[in-house]
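Below, each structure is written out as C-alpha cells.
What follows is a pair of complexes built around chain A, which joins chain B in one and chain C in the other.
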Partner chain A sequence: MNEKNEISGWQLFFLIVQTQIGVGALSMPADISIESGHDAWISLVIAGVLMQILILFYFWMMTTAGDMSYFDITKKAFGKIAGRCLIALYSIYFIYVVIVSNISFIKVISEWIYMDTPRWVLMILFLLPAVYLVRGHVSTIARFSMLVSFFLPILVFILLFVYTQPEFLYLLPVGGEGIENILKGLRPALFALLGFEAFLYFSSYVKKDRKKELKKATYATLFVFIFYLFLIITTQVFFYVDEIKIIPYPVLYIMKALSFVIVDRVDLLFLTFWMVIAATSLMNYLFISSQAVRDVFLLKDHSNAVVIIALLVLFISSIPTTKTDVKEWTNVLLYLSVVFTIFLPFITFILFRLRRRIEK
Partner chain B sequence: MNEKSGKSFRKMQYIRECQSLDELIEQLSFHMGNTQDLVTVKVQFADKESVIIYLESTTDTNQLEKTFEWLTNVYWASDEPTETLRIAQVERGQTLDDTAKKILLGDTYLFSMEQGSWITYKIGSPLVLQRAIQEPKNEQIVRGAHAGFNENIITNLYQVRSRLKSPHLVIRYFTIGELSQTKCALLYLDHVANPMIIEEITMRLQSINTDVSFSIGTIEEYIEDDNFSPFPQLLNTERPDRVVGNLAEGRFALLLDGSPTSLIAPVNFFAFYQSPDDYNGRFMVGTFYRLLRIASFLIALLLPAIYIAIISFHFEIIPQDITLPTKRAIEDIPYPPLFEALLLELTIELIREAGIRLPNPIGQTIGIVGGLVIGDAVVNAGFISNIMIIVVALTAISSFVVPSVEMNTTVRILRFPFMILASLFGFFGVAIGLIILTIHLIRLESMCTPYLSPFAPFHLTAVKDMFLRFPAWNQTQRPADAMPINKKRHGKNRWWKHERKK
Partner chain C sequence: MKKYLYLLPAIILLSGCWDQNLLKDVQLVYTVGWDQNEDGSVTSTALAPPIDQTVEHVNRLTIEGNTLRDARYNMDVYVAEHIDFAKLQAGIVGIDMARDKLYPFLDVLYRNPKNHLNARIAMTNTSAAELLSSKIDSQRNQSEYFSGLLESSELTSVVPNISLQRACTILFDPGTDLYLPYITYEKDMLRAKVSGIGLFSKQKYTDVYLNEDQSVIFNILNNETSTIVTLTKRITDGKEPEVSNWVSVNIEKSKTDIKIKENPFRAEITLKADITISEYGPDHLQSEKKLNEFKAFWEKELKKDIDEILEITQEVESDVLGIGKRTAAFKPAYWDEERWHDIYRDMEITSKVSVKMIGTGIID
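Here is the complex of A and B:
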C-alpha cells in the first residue's frame, strides 16, 4: 500500500509551485511596475536569481541534515525550549500568511465580482475546502496541488491571445528606468515569489532517494519564475507602463479586454480558475501552520489544529475591512517574510552545524 | 430403550445411534424441521430394506432415478460397493446434522441396514435451473462478445475460466449468510494481483456477518471503503469479458451465487467510463468516445449549475449577439432559475423512474408524453424558458452516457448541490463545490488504492489506458492503480515493422 506520509520529488515540485502561485500573481505586474516602470521584468529576473540561490541553499541544508524536518532542525539548533518558542513564532507567522492570502483573495473577488455578498460568507466558502483537504494526509495535499497545476497551461493559453497584437516597443529602452528603480522593484518582486520556503517544510516528507528527488523540486522555483516572467512581459506588451500603474490587476484587465465569440468576459472564468489556484496556496500554508502548531503543542495529529487555525483565520480576517488596511497588513508580511524565510533559516543552520561539530 | 412405544422422543446425534429405518427417518426429519418437502421412499436395495431420502425442491428426480438404477445394476453385477463422481459412500461416524445440511444442498441419501450397522450412500443429483446465457440488458455493446453472466455461479465461473485458461487464475470460495449459505467466489490472477489487496478483501469478506445475502449490492456495502461517499468504489458488471480484462490488470472479481452481477475492485474513477466497445473499434474512435464520456460527466454535473450561475450572477459573460435572444427567453419567466431547473430535473427523474417499471412499449410512450408534450406545453405556458429546456435535456442525455449504472445515479444526484451552490454564489459557489468534489475524489480509496488514480497520483502509463485508449500493442504496462506485482503486460509487438525496413 502507498505510504500516506510520503511524497515523491515531483509532488514536492508541484507543492512548491502551488504555494508560490497565489493571489499575488494577479497584482504582481502592477506592484513591480509601480517601482521600476517598464523594467519590471529586470527586477523580477534579479529576484528570481536571488531566490534560486536561496533554494539551492535550502537544498544543501536539507540534504546535509538527513531526513529531519525543518522544525526538528530548529529544535536541535536552539535547544528544546528556545526551539519550541521559535516554532511558536513560526506558527504565528504562517497563520498570518494564511490570513493575508485569505483577505487579499477575498478583496480581489469582492472587488471584481461579488460587491454585495458579505465578506464572511465568501471567507467561509473559501476556507471550507481548505479545512477539508488539510485535515488529511500530506500525500492528498500533494496530489491536489498536482491536479490543480493542470490549470496553468490553460491560463497561459488564454494569455497567448495577447500576442496577436503585441507592442514590444513598450519594453524599450532596456534598463531605462535606472538601477535605483530596478533595485526598488526587487522588494515587490521577491514578495511575489514568496512561497518557495515551502521547500523547507515539505521536503522532510520525501523519503526515498532524497538527494535525487529533492533536486527535482528545486526546479519548481525556476518554473514559477519563468511563468511570472511570461505574465509580466505579457502585461507589459499589452499595456503601456502608465496604464499598468493605474490598474490594480493587469492580468484580469487583459482578460476583460479580450473578447471571444463563444464567451465574453473571459476574466470571470479566469478568476474562477484562479480561485482554485489561490485556494491551493492557502491550503499549503494552512498545512504548514498546522504542522508548526502541532510541533509547538506536541499534538499527536494536526487535524484538530487545522480547524482551530481556520476559525482563528476567519475571525482575524474580518478585522481589516478597507483597502488601505489590507495594504498595511500585506506590507507587514513583507518585512516578516524576510526574517522568517531568509535570516532565521540561516541562523538556524549555522547553529545546527556548530552544535553538530561540538557533539562530535 | 424403546422410545417409540413409550411415546417419548430423544434427539440423536449420529446416524449409527438409530436402530431402525423408521427411527432414522424420524430423526432426519426432526433435524430438518419436519419440513414437508422431504421425500422418503422405501426401496429394496441389494436385498435389503432401504430408504432414499431427498428434498424434492432441490433434487433432479430424473437424474436420481437413472443413477439409482445404475447403482442397482452395478451391485447385481459385481456385488461390491462402488463410488463414482455422483455416488459416494458415507463414513460411519457422520452426524445427522451434517447429513441434513448435505440434503439441503441437493444431495440424496440412501440408507440400508446390514447386520446392525448402516450402509449409507450419497447420491449427488442437485437440481439446476438457470437462465440461458444472454447479453446483459444494461450493458449492451455494438461489437464484441454478447455473452453475459446469469444467476448460476458455476456457469459464471465457467465463462471466466474459458476465457482465462491459466493456472494462475485462482478461485476462492466463501460462504456468506447464516441462513442463505450463499456461495461467493473470489477470482484473481495470483501472479499479477497484489497479495496485500487480496489479503484485505479476504479479511473483509470473512468479517461479513449477516443472515441472508440476497444481492451483491449488500455485499458491496459490507466491504467497500467509504459508505458515505456518493461514488461507487466497486465496479458492477454482468459481462465476462469485462471481468477478464480487469482480472488481467491485477484486479479481483467477486461472484455471488444467485446474482448475475460481479463486483470488480480496486477500481478508479475512470474505470466507470470504460466500455468493452472501446477495445473493439479503432483506437482513435475509442479515445474520442472515452473523452466524450468524461466530458459528459462534466456536462451532466455542471451544465445546469453554470447556466443558473450565468443567468442569475454573470449575465455579462454571454456574448453580445446572443444577449438579446437569451434575455427575451427568460424575461417573462415568473420563477427564479433554480426553481425552474429543479422543476424540470424532477420531471425528468419522474419520467425515467416511471419508464423503468413499465413494459417497453408503454415506457416509450411515457417518454414521448413526458419529453415532448410536457416540455412543449411548459414553454408555451410560460412557466419555464426554452433555454432551460435545452439545458436540462442536454444534461439528462449526458447523464445517460455513462456506461455504468451506479455512476449514472451518482452524477444525477450530485448535480443538485451544484445547482443550489450556483444559485447562491454563482461561479464562486460552483468552483468551491468542484474543489470539494475533487478533494473528496482524491481522498477516496477503493480497497486502499487511490480512486482518482492516473491523475492523482499521476501515472503517465496508466493515462494511456485508463483515460485515453492507445493502441493495444502500445499498452505494454498494466495500470498502476491496482498495484500489480507484475507490471509488464506484454512484450514487444509489431517488430516486423522495423525488420522489413532493414
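Here is the complex of A and C:
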C-alpha cells in the first residue's frame, strides 16, 4: 500500500490527546491531592492555563519555522554538531519516558489484575504491538490514536454514576488549602498534563494548510485539560480527601465500588480498555524517540531504531522492581521534563530566530 | 507451509493464563461476620452457598486469627477450595468490634484488589458469629439472606445503603460519623431483623441506636430515602375501633437543608415534605379545614421526631448528619477537628418543618 507520510490537523489532535492520556490519568487525582488537598482541581486549572499558553507558543514557533521538523530547527539553531548532541540527549530523554510509562503501566496491571503473570511477559505483550505499529508511517499511529480515542467516552459514561450520590461539600471551602499548597500541586498537575510536547514532534508531518490545521491541534490540550478536570472533580466528590491520598489509583478505585445490574467490578473490564489507551501513549513516545535516534545517527528510516529502542526499554524496565523504585524513576522524569518541554524549546527557538536574522 | 509458521507464536501467546481463577477451585463467600475477641484477636465467620442449589445446607466456618486476613488464611486449611471474597454481598460487624476503632479491622478489604466494595455492611447487637449461626427461616439460602434483608429494609427507607466503600469514605471524614444498619435476632420468629441504625462516634459504636421509626426520619434528614417512605402516627384518642385513631402517610418528596449560621454558631435544619394520606379509617378528608389540621399535625409530629433524634445524637456525640462536614466547608473558622465532638454536643441545632398535603389516594 502506498501511504503518504503525512497527517491532517485532526489526526494531530488525536495524536496529542493520546500521548497525553496514559496511565497517569488513573493516578493523577491522587498525585495532585497529596500536595494540594481538596483544592487539587485549582492546581489543575492553573496548570492547564499555563500549558495552554505554552502550546500557543509552540504553535507560533512551528508556524514561523515553515515545515521544518523540530529536530531540524534544533540543528539549525545550535549548528550541526552541537545540534546532533542535543538530539542525542533528546533521544535518551524520550527513551526514558518510554521506560517510565512502560513500568508504571506494568505496575498498575500487575497489582490490579495480573498478580501471577511474570512482569517480563506483560512487558513483551505490551511492547510487541507497539513496535509493530510504530515501525510504519506516522499516519498509521495517527489513525490508531484516533480509533482508540473512542474509548474515552466510556470512562466518562462509567464515572457519571458517581453523580447519583455526589458530595460536593468535599470541594469546599474553595481555596481553603492555601495558596502555597495549591502552587505545590502545580508540579504533579503539570506532570499529569505532560505529552503536549508531542505537538513539536508531530506537527512537521502536517503538510497542507499548515496554519489552519495546526490550530485544530492546539485544541487537543484543551480537550485533555477538560477531561482531566472532570476526572479530578469526580474523584473529589466521591472520596474524602484523606482517602484519596492513600489510594494511588482513585479513578480505578471508584469503579471497584460501583455495581451495575449485570456487571460487578467494572474496573477489571475497564482496565482492559485502558491498556490500549496506555499503549498508544507509549507508542507515540516510542515513535518520537525513534525519530530522534534516526536524526542522531543519520539513518535512512526509523524502523530499525524502533526495534533496538524497544529491546533497550525491555531490559532497562526490568531493573526497577519495588514500588519505591518506580516512584523514584518517575520523580526523575518530573525534573527532566521541565528541561526538555519548557526550557530547551525556548532556547532553541530564540537561537533559531537569532540565526535567521544574522543570515538575512 | 510458510503461511502456517505465523501460527507458531500464537501457540505460545494464546495458551492459558497465569491469573485464571476457576469457579470450581474457589469457595465464594457471600456473607461474612467479623468479631473481636477479648484478647484482641478476631473471629471471622463465613457463609458460602452450597454448589448444589437444591441442598439447603450452607457452608459455615468460624475461624480465629490475629487479623481478618490472617483468619481468612486460617480458613483455607478447612476447605477443599480456595476461600474467595470477590463476590461478597454483606459484611456484619459484631458488637465488640464495633465498639472499637473500626477502620484498622477493615483495612484488608480496601487493600486487596480482589475484593469488591459494593457489598453492604451492617452491625449486630451480639457477636456476628452468633447471629450468622442462628437458625433462620428464610426462602433464600442463608448465605444470601442478610444482604436481602438489608436490601428490603432499604426499600422501605428504614436503613440507607451503606456499602463498604461508603463506610470507608465516612470513616475517613472527620466531619461525619458512621452509622450502620443495626441487625438483631428475633428468637420467636426465627429471623433476623433490621432494628434501626447504630450510631458511631469517632469510629466507635456509642451503644445507642435509632429504632425503626426514628431511622426513617433520620433517612429523611439525610436525604437518603428510597421509593417507599411511610409513617404512621396516632392522631386522635377514643375513636372506635382503635385503628381509626391512626393515620398513615406516604412522603412522596422530601428535601432537607442544613444551614450553618454564625453569631451564635448554630445549625438550622429545614425539612420540606410532600405528603399523601395512604390510610385513614374515618375518611371524609374533603374539607380544606380538615386537611389543614392534618398538615399542622404532621408538622408538629415531624418536628418533635427530628428534635428527638438531634437530642440523641448530640448526647452521644455522634455527628451522623455531617454538620461538621458542612462547618468545615462553609464556616471553616468554626471548624476544629480535634474538638469537634465537644462542639457538636453543645451546639444549638434548630429545626423547621413545612408539610404540603398533596393527595389522599383515590378516595377522599
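Note that the second predicted complex is superposed on the first by the 357 of 360 C-alpha atoms of A that agree within 3 Å, B and C clash if a C-alpha of one lies under 4 Å from a C-alpha of the other, contacts with A are read in each partner's own complex, and residues count from 1 in each chain.
In this section, a contact is a pair of C-beta atoms (placed from the backbone, for glycine too) under 8 Å apart; a residue touches a chain by one contact, two chains touch by 3 or more.
The model shown is predicted, which means the values in this text are computed figures rather than measured ones.
In the superposition on chain A, A:Leu160 makes contact with neither chain B nor chain C. Once the two complexes are overlaid on the shared chain, A:Thr140 sits against chain B while remaining clear of chain C.
In the superposition on chain A, A:Arg265 makes contact with both chain B and chain C. Of the two partner chains placed around the shared chain by superposition, chain C is the only one that A:Ala257 touches, whereas chain B remains out of contact. Look at A:Glu111: by the touch rule set out above, it reaches chain C but stays clear of chain B. Contacts of A:Leu172 after superposition: chain C is touched, whereas chain B is not reached. By the touch criterion defined above, A:Gln11 lies against chain B but remains apart from chain C after alignment on the C-alpha atoms of chain A. In the superposed pair of complexes, A:Ile350 makes contact with neither chain B nor chain C.
Measured by the number of chain A residues touched, the leading partner among chain B and chain C is B.
Contacts of A:Phe238 after superposition: chain C is touched, whereas chain B is not reached. According to the touch criterion, the shared surface of chain A, contacted by chain B in one complex and chain C in the other, consists of residues 113-114, 117, 121, 125, 259, 264-265.
Those residues of chain B that touch chain A in the shared complex are 196, 313-314, 316-320, 425-432, 434-436, 438-440, 442-443, 448-450, 452, 455-458, 483. Of all residues in chain C, only 13, 17-19, 86-87, 113, 116-118, 163-165, 168-170, 172-173, 322, 325-326, 328-330, 332 touch chain A in the complex they form.
Interface residues of chain A, counted against chain B in their complex, comprise 1-2, 8, 10-11, 109, 113-114, 117, 121-122, 125-126, 128-129, 132-133, 136, 139-140, 143-144, 146-147, 259-265, 268-269, 271-273, 275-276, 279. Those residues of chain A that touch chain C in the shared complex are 111-118, 121, 125, 167, 169-170, 172-173, 176, 238-240, 242-243, 256-259, 264-265.
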